[in-house]
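Listed after this line are the structures, all set down as structure tokens.
In what comes next, chain A is part of two complexes: it sits with chain B in the first one and with chain C in the second one.
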Partner chain A sequence: MHDFLSILPLLIIVGGAILLMLLSAFEKVQVEIASFISMAFFAAAFFVQLLVGCGPETVVFAKIFNGMLVTSNFTMVGGLIILGCGFFTAMSAHSYFKVNLFCTLEFYCMMMFAACGMLLLTMSQELISAFIALEIMSLSIYILVGYDRANVTATEAILKYLMLGAFAGAFFTMGTALIYGGTGTTKFAGIATMISATPAAHPFLIAGSFFIFAALLFKVAAFPFHAWVIDVYDGASTPVTGFMATALKTAVFVVFANFLALSAGMHSSWITFLFWVSVLTMFGGNLVAIGQSSLKRMLAASGIVHSGYLLIALVAISTDHFTGSVIGYYLAAYAVGTLGIFAALSYLGGKDEKRGTFDDFKGLAQVRPYSAAAITVFLLSMAGIPPTAGFMGKFYIITSAISAGQTALAVLGVISSILSMWYYLRLVINMYFYEAEDSFEIAGSPLATAGTFVLVVCVFAIGLYPIII
Partner chain B sequence: MEHTAAYLGLIPLLPLTGALVIGLLYMFTCTTNPLPEKLYGALACVGPLLSFFLALVVFFHLKGLPPEERFLVHNAYTWFAVGDLHINMGFLADPLSALMLLFVTLIGSLIHIYSVGYMAEDKNYGKFFCYMNLFLGAMLILVLGSGPVVMFVGWEGVGLCSYLLISYFSEDTNNVLAGNKAFIVNRIGDLGFVLGMSVLFWAIGASGFDYLSLRANAHNLTPAIGITVCLLLFVGATGKSAQIPLYVWLPDAMAGPTPVSALIHAATMVTAGVYMVARFSFIYAHFPIAGSVVAWVGILTALLAAIFGMFQKDIKKILAYSTVSQLGYMFAAVGVTAYSAGIFHVFTHAFFKALLFLGAGSVIYALHHQQDIWKMGGLKDKLPRTYWTMLIGALALSGVPPFSGFFSKDEILFSALATGHTGIWFIGVLVAGMTAYYTFRMIFLVFHGAPRDKEAFDHAHEPPAVMTIPLVILAVGAAFAGVLNLPAIFGGSLNVSQWLEPSLVEHHGHASIWLEIMAMLASIGVVACGVYIAYKKFGQGAEEPVFTGFAKIGYYKFYVDEIYNAVFVQPYKGFGSIISRFLEPKVTDSGVKLSSWLYQKAGTAFKALQVGYVRIYALYMIIGLSLMSLFLSQTIN
Partner chain C sequence: MFEYALSVMIFLPILGGLAMLLMPISRGASRITGLIVSLVVLLMGIELFLGFTGTGGMEYLENRPWIESLGISYGLGVDGISLLVLMTGAVLFPMVFAIFTTQSKGYYANLLIAQGAMIGAICATDLVLFYIFWEIMLLPIFFMIGIYGGPKRLPATLKITIYTIAGSLLMLAALVYVGVSYHNQFGKWTFDIVQLGALDLGGGFAILAFLMFMVAFAIKIPLFPFHTWLPDAYTEAPTATTFVLSAIMAKIGVYGVIRFVIPVFEVEFVRFAVLLSLAGVVGMMYCGLAAIAQKDMKRMLAFSSASHMGIIAVGVFCMNTQALTGSLFQIAAHATSTGVLFLFVGLMEERMGTREIGDLGGIAYRAPIFATFFAIAMLASVGLPGTSGFIGEFLIILGAIKFSGFIGFLAGTSLIIGVCYMLWMFQRVFFEKENDRTAAFPDLNVREILTFLPVILLIIGMGIFPQTFIKKIEPAAQLQIAKVFAMTQSQVAETTVPKPGHNNHKN
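So, the complex of A and B:
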């Protein structure tokens, strides 16, 4: 029974996706209804996840799945974040598609399929199931990115993402094959036993994990596999970008952490490598971000920087008693901030996303003081200013790095977060210190607005109750 | 032995919720469709009154327990935990905080009700009550906090609200400057408080940083650290409670609306310092040297403020200096380890000072914002209720038996004598005479004699009942509150002191009953002299004198503000201007600008890497993979 309950959220989302798929056969069902249905399913799954909770690590249906799926507190947190992201994305999408009229029912359906891929990915403790989950997620996301077929940038984005994503997928399979060759198993637990049993690592194992790291680093847009992220985020429609930036990153980081934490041998042999990747990712991301004039591109680049912070947390995880709480907290903090800003962009962007650059938001505070204040809160949270969630998240990451003996990395992380003020505050300055040129009329529905303000509350709530996770 | 009581959290929460609700209502409606004033007034009074009710519940709950178990605790949640520092958002109600709670909420509620009438024509009605509720909520957090850190939240909260309310009439620059002054001077004191708190934590905070744990560990303090803690905390108290050298903000704080002055002087804010010292009695009691410093600073403040008070002509400034002076008494009491006497004076003072301020408010209201006592006179018949209630307040303030001020002040003076602080006692008696003099100078000039401003006099009328009823209630308190702590020679048994016993660490001095009677007679005699001189000079009407010599220096408050300005403010500004004119633009900025220029250039370079061709991106991946394998080959071998 407990096994069933722990995957119940996943089942709810699958059920919802299939239901929507079936409904799309009927012409009478409107897109709006679909958005409400998906919101309802996301909310239901979220609360089920919250109620079921999770005790210690549980192997789900050990006999049926042969130990492929494992739930723990960490996967529960990941699940909650993903489901929350789904809910708020559906909310923003509802507003967004009031003015951008290319939506069909399958949009929400695809979003839910993507979410179930993500949920599955967080639970995967085995390489093949992880690969399948990764691909379920990626395929759905490809479709979402290129949903506006008439739009050139969207089409360009999907093409780039698909091609480069195919490379990553190939790396992952390659890695899986090599690891299987080296250890004779694809289960994380089995690999861990192998590593601890044989002091000299098998070359296949090293090569395999090499490829798997490459694939995962691609998915989280770590330097130098980051280049796709700017163009793809820019081309995708705003709610989808928000969904990708938060939920996808959460899912991949959860599986990344699970994979790394499986044995001390694995972690310690890659630690120096991850150190450099995280430094390059933070500073490379910052440098890319400051040059951008489009907000979505800036946020894409800032997403790279946040991946860099999360890589710090990966460097600092303790394999002996891995809980993932630091990573989970940061992911949650990052998710509320990012979702919030994308929700705000969804309703402020207008038709065809006509407002999308820094300059377009000049003087927003005069016309829409509450929206400007909300965006400021999200930006401050992303920049890591107390008392927001982003600050606490960074605080935990930096302290975990220090206690893991990675003081240099902690210092670099702080420097990077100072650098990131540049582009976050630039938007704040534009909103507050200029005369309004635009009337900022909003056509869409009030749902995204509502979502934005709920998320503002979340930013402070998560920041003030750090024990939540 | 402690008990838990979850409802404690509600006490500060109720006014805070009120502040939030009123604030939001006001924020969303002030520009479009202003809500009726009655709504704000009613909403504002609900929170304080319910808190008062809960304070009564707390009181009776404690009363039902045996004295050594009178500690109610409620830990709402863990606020934060860093290393050894575990801070709960916790509340503690013991006899000390229960007593404070009772009068803070009672007087706070009365002032709220009074404000409904007083502020009736103000256009920012909602904002005013939002701040008032916030003020009371912050004070209740201060009083109820289970440890220094939670207390500090309230401590800062009252500081903020005093700033907001003092500069409430913000059209006038002087009011804003007064608010700034209050805030900045308080911040200087806060620094002392924070430092004291830090030293205390460093010394004995590891096993719990709330009062009960600190009290249990207080014996581990070495004298050096203990005295440091005491003095640093006292610096904080001098800021909040307006003692030398940080008293300068309080007279300027009269710029705020009169109910705010009443709230600051009677129920909230200035009593915080005395409360804090009494709270930490378990430290202060061990270090008599620190106590003596407190006592001497207190009594000298009392003397200085009484001198200033004798020469002021603004009715509110007279009252302000009288508050500073009375606070000096309280510190003299807590300094000589007579904590219960000090707290009892806080208690009685709250009644008569609130009464006097609200009475002064009535006078000002009746005379359309005239505050100069040399332009008043003969209002006795025009404002009978105000007159009689204020007279009771003045009698209590002067320490005329049997009004409340007599008992509390006498208790303090006697404690000073009994613990061997004869000098403090002597100055205290002197100040009592001066207090009687300036208080009755004010009463005679305002209410007796012939009107000095005929036109204003003719238009004067008694304010509405919503303002006079609180006056009457407070007058009852001011008259009879002293009975609660009757000393043995009047057949009482010091009920308040007994009640406070479990919270405080007190050393009672021993002195003969004759000494007590002598001391009492001396102070009654001096007070009688003060009243008589005031009557002689002002009772039959007097004209505004031209101050010369000492009186002129007294009127200009010994030029302390000017000295502070010359010694601290101007050099500080000059230093700032050197930095802003030379150091920053010429020295530091160039480095900053250089780094930002480099950063920007690097950004442009990196932007160029985002060429937009997927083949190039794939190339980056290949480069990345190559670097990874390079790294791998380095580490494996």
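So, the complex of A and C:
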């Protein structure tokens, strides 16, 4: 029964995906209907997840599927974020594909399959199931990235992503094999027992965890595996980019934290490594972002920086009382801000995403003051200015880092967010302090617009009532 | 009803401003709304001032837990330290709405949001809540300079924003450090400033955190050598923003040092006091000398404002009751005098389209009332006896001499520089020959006279009856100083007799 309850949201999503797949055989079913169907399924799964996970206990279901999966508050929050991302992405895709006509029903179907891979990934407590989940997610995302077949940048993006992603998948398998060789098990709990039983780490274990880290760091675009992210985000269509930047990162960070928190020995031996990765990710990402002139590329690079902040939280997690609340909160805050800005770009971008650079948005505030205000709120949240969700997220991360004795890392994180002000403010300045040259006509449906404003409310709601997470 | 007075004073302007932005109303209606809201806040402020007992503790307390897992609460309160700062925030705003009639809706809305956020920062007794308001108050300033500012507004906006954000993010790291240290020492989370006073910090990280706090506040004040954003921002900003920046926001920097830095970092503060007061004095002299050389009246006033902020800061760093009381008094005195001067320059610019000192002359013959008001505000700003400026500066110099004869001497002499540039400017602008431009200068009309008169009377009133104000703030200042000395002495005693096996300086 617990097994069934814990994967019920996942089953709902799979059901929706299969339904869409079958429907796509009929010519009469339109793309708009598909987006409504997927929204409905995402919403239903969201509420089921909320109902299952709203209890007070930290670990909801411990030993499900023979210990291969776990449902804790942390995975629940991760799942909620992913489902929310799916919902809002479907909303903005609805508007986006009114103008850019290359969508078929399978788009939403693929998105739901990706979401179900992500949900499974958050719950995995075992390396093989994690790998399967990772691949379900990645394969669907590859298709989504290259969905616009006629577009050269999209084709370039998928080629890069597929090649490198295949390597990452191979690394993950290799790591799993080595860990199995070292410990004789692929379950997180079993690995933890082995680590605490043998103080001197087995070379296979070290090498195996290194490979797994490499694969996961690739997926979250951490230094030095971040180079792909700019081109891929740029090439994918705007709603997909938003989905990748938020839901995918959430799923991978949840499993990353679960893996890292499995034993104190594991965490402490990798802490210096992660410290430097996090510092380099933050500053490398900032350097890349400062030089960009395209908004999507800037947001991709700022996504790297946010991965760096999340890595700070990973360095600071306590393996004894691991709740993941800091990471979960930051992921939610980041997801809301990023999704919001991509939703806004979906309806402001126009046909073939003709408005995509900083200069294209000059004077937006005069023509569309509410949209400009919404984008400003998202940017401020990403920059960590109160009273937005991003501020509380940053506050929690700094607090957890200093509590864990990582004061230097906290200060470096702060310095990095000072640097990031530059490119966030640049867009605000362009929107407000210049005369409008464009008419910013909005074609398509109002759904993306509605989603944007709902997300503005979310930014403040999550920021002012952090208790909900 | 009045127990929520502070919340109302904070959120009425903020919500009013936001509503104005969201609703399609005309510019006239938005100005009237702004005027009404700011008058309500003013009346509440006066009521609060009269009801304030001045025992030295916090009054009008509001406290409810907000984020319990980290001990963050929604805590508000007023004591002698914040009273006059709060009053300047409440009293001066209606003037702006009354005088400037031709601005756009967003301008008035941003002003209201700035007022609410500033009052919030002044009243907050929780460090995190303070930080939140502190950051919010930058946003309206950012938009006002960027949208409504002068021709070189973009670099000015960037400069002030990057400067202040850099400072405040460093402060964020430092305040988290303080909270975590409290948790380590006492086993519970809190950011309440009264409880944080019990902290016993030491070691390298404490000094680093102290410096981070100081940099954030020094940028806002601005203290030498962090003042370089000021001339550009003050000059390019629209008059009302310059007024808000100089009259209130700079004061919140000083107030932040008194309220949040001194109680937590007593030892570090005492250690750095001489250096900091020197920075204050050097800033006074430097900005004073720079003011003499300016051709633009607004820029001159910007430097003069920076110079006066130097002396207010010196008063804080001298750490005795006289100097601290003087500083608190001078905060209000300087806000009224310099703030009004900025508004006068704004008026002149509106009427003549220039603020170059060289283009002006002979205004006093055309506009005697204007010239008289200007003269009173100017003399208060240079500290003429009988005006508000004298009392504050006198107390500060007195305290500075008690602290160190050298600092006191330097501070006293640099006041003379202030007299030089102000009087010289007054001579060139108001006397000498009138020209075509100034010949047509209309005097203040009735509305403007009625707007300025209360503040001019306040300037004189504060100079003649300072005791009304001082008796409300002095107990709190005494208490603050007494706490610092009790804390530093107990620390000295502890360090001279080390207890074996007990580590006081826990990080």
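In this text, the second predicted complex is superposed on the first by the 456 of 469 C-alpha atoms of A that agree within 3 Å, B and C clash if a C-alpha of one lies under 4 Å from a C-alpha of the other, contacts with A are read in each partner's own complex, and residues count from 1 in each chain.
Keep in mind that, in the parts below, a residue touches a chain if its C-beta (ideal position, glycine included) is under 8 Å from a C-beta of that chain, and two chains touch if they have at least 3 such contacts.
Just so you know, these numbers come straight off a predicted model, no measurement behind them.
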First, second, both or neither for A:20, with chain B first and chain C second: neither
Touching partner for A:231 - first (chain B), second (chain C), both, neither: first
First, second, both or neither for A:163, with chain B first and chain C second: first
Partner chain in contact with A:425 - chain B first, chain C second, else both or neither: second
Touched partner set for A:218, first chain B, second chain C, both or neither: first
Touched partner set for A:83, first chain B, second chain C, both or neither: neither
Contacts of A:410 with chain B and chain C, given as first, second, both or neither: second
Touched partner set for A:272, first chain B, second chain C, both or neither: first
First (chain B), second (chain C), both or neither touched by A:287: first
On chain A, the residue positions that both chain B and chain C contact, one per complex: 422, 466-467
Contacting residues of chain A [partner chain B, same complex]: 159-160, 163-164, 167, 206, 210, 213-214, 217-218, 223-225, 227-228, 230-231, 269, 272-273, 276, 284, 286-292, 419, 422, 465-467
Interfacial residue positions of chain C with respect to chain A in the complex: 21, 67-70, 128, 131-132, 135-136, 139, 143, 146-147, 153-154, 157-158, 161-162, 165-166, 169-170, 172-173, 176-177, 179-180, 183, 205
Footprint of chain A on chain B - complex, ascending: 77-78, 80, 596, 599-600, 602-607, 609-610, 612, 614, 616-618, 620-621, 623-625, 627-629, 631-632, 635-636
Touch list for chain A against partner chain C, complex: 373, 380, 384-387, 391-392, 394-396, 398-399, 402-403, 407, 410-411, 414-415, 417-418, 421-422, 425, 429, 432-433, 466-467
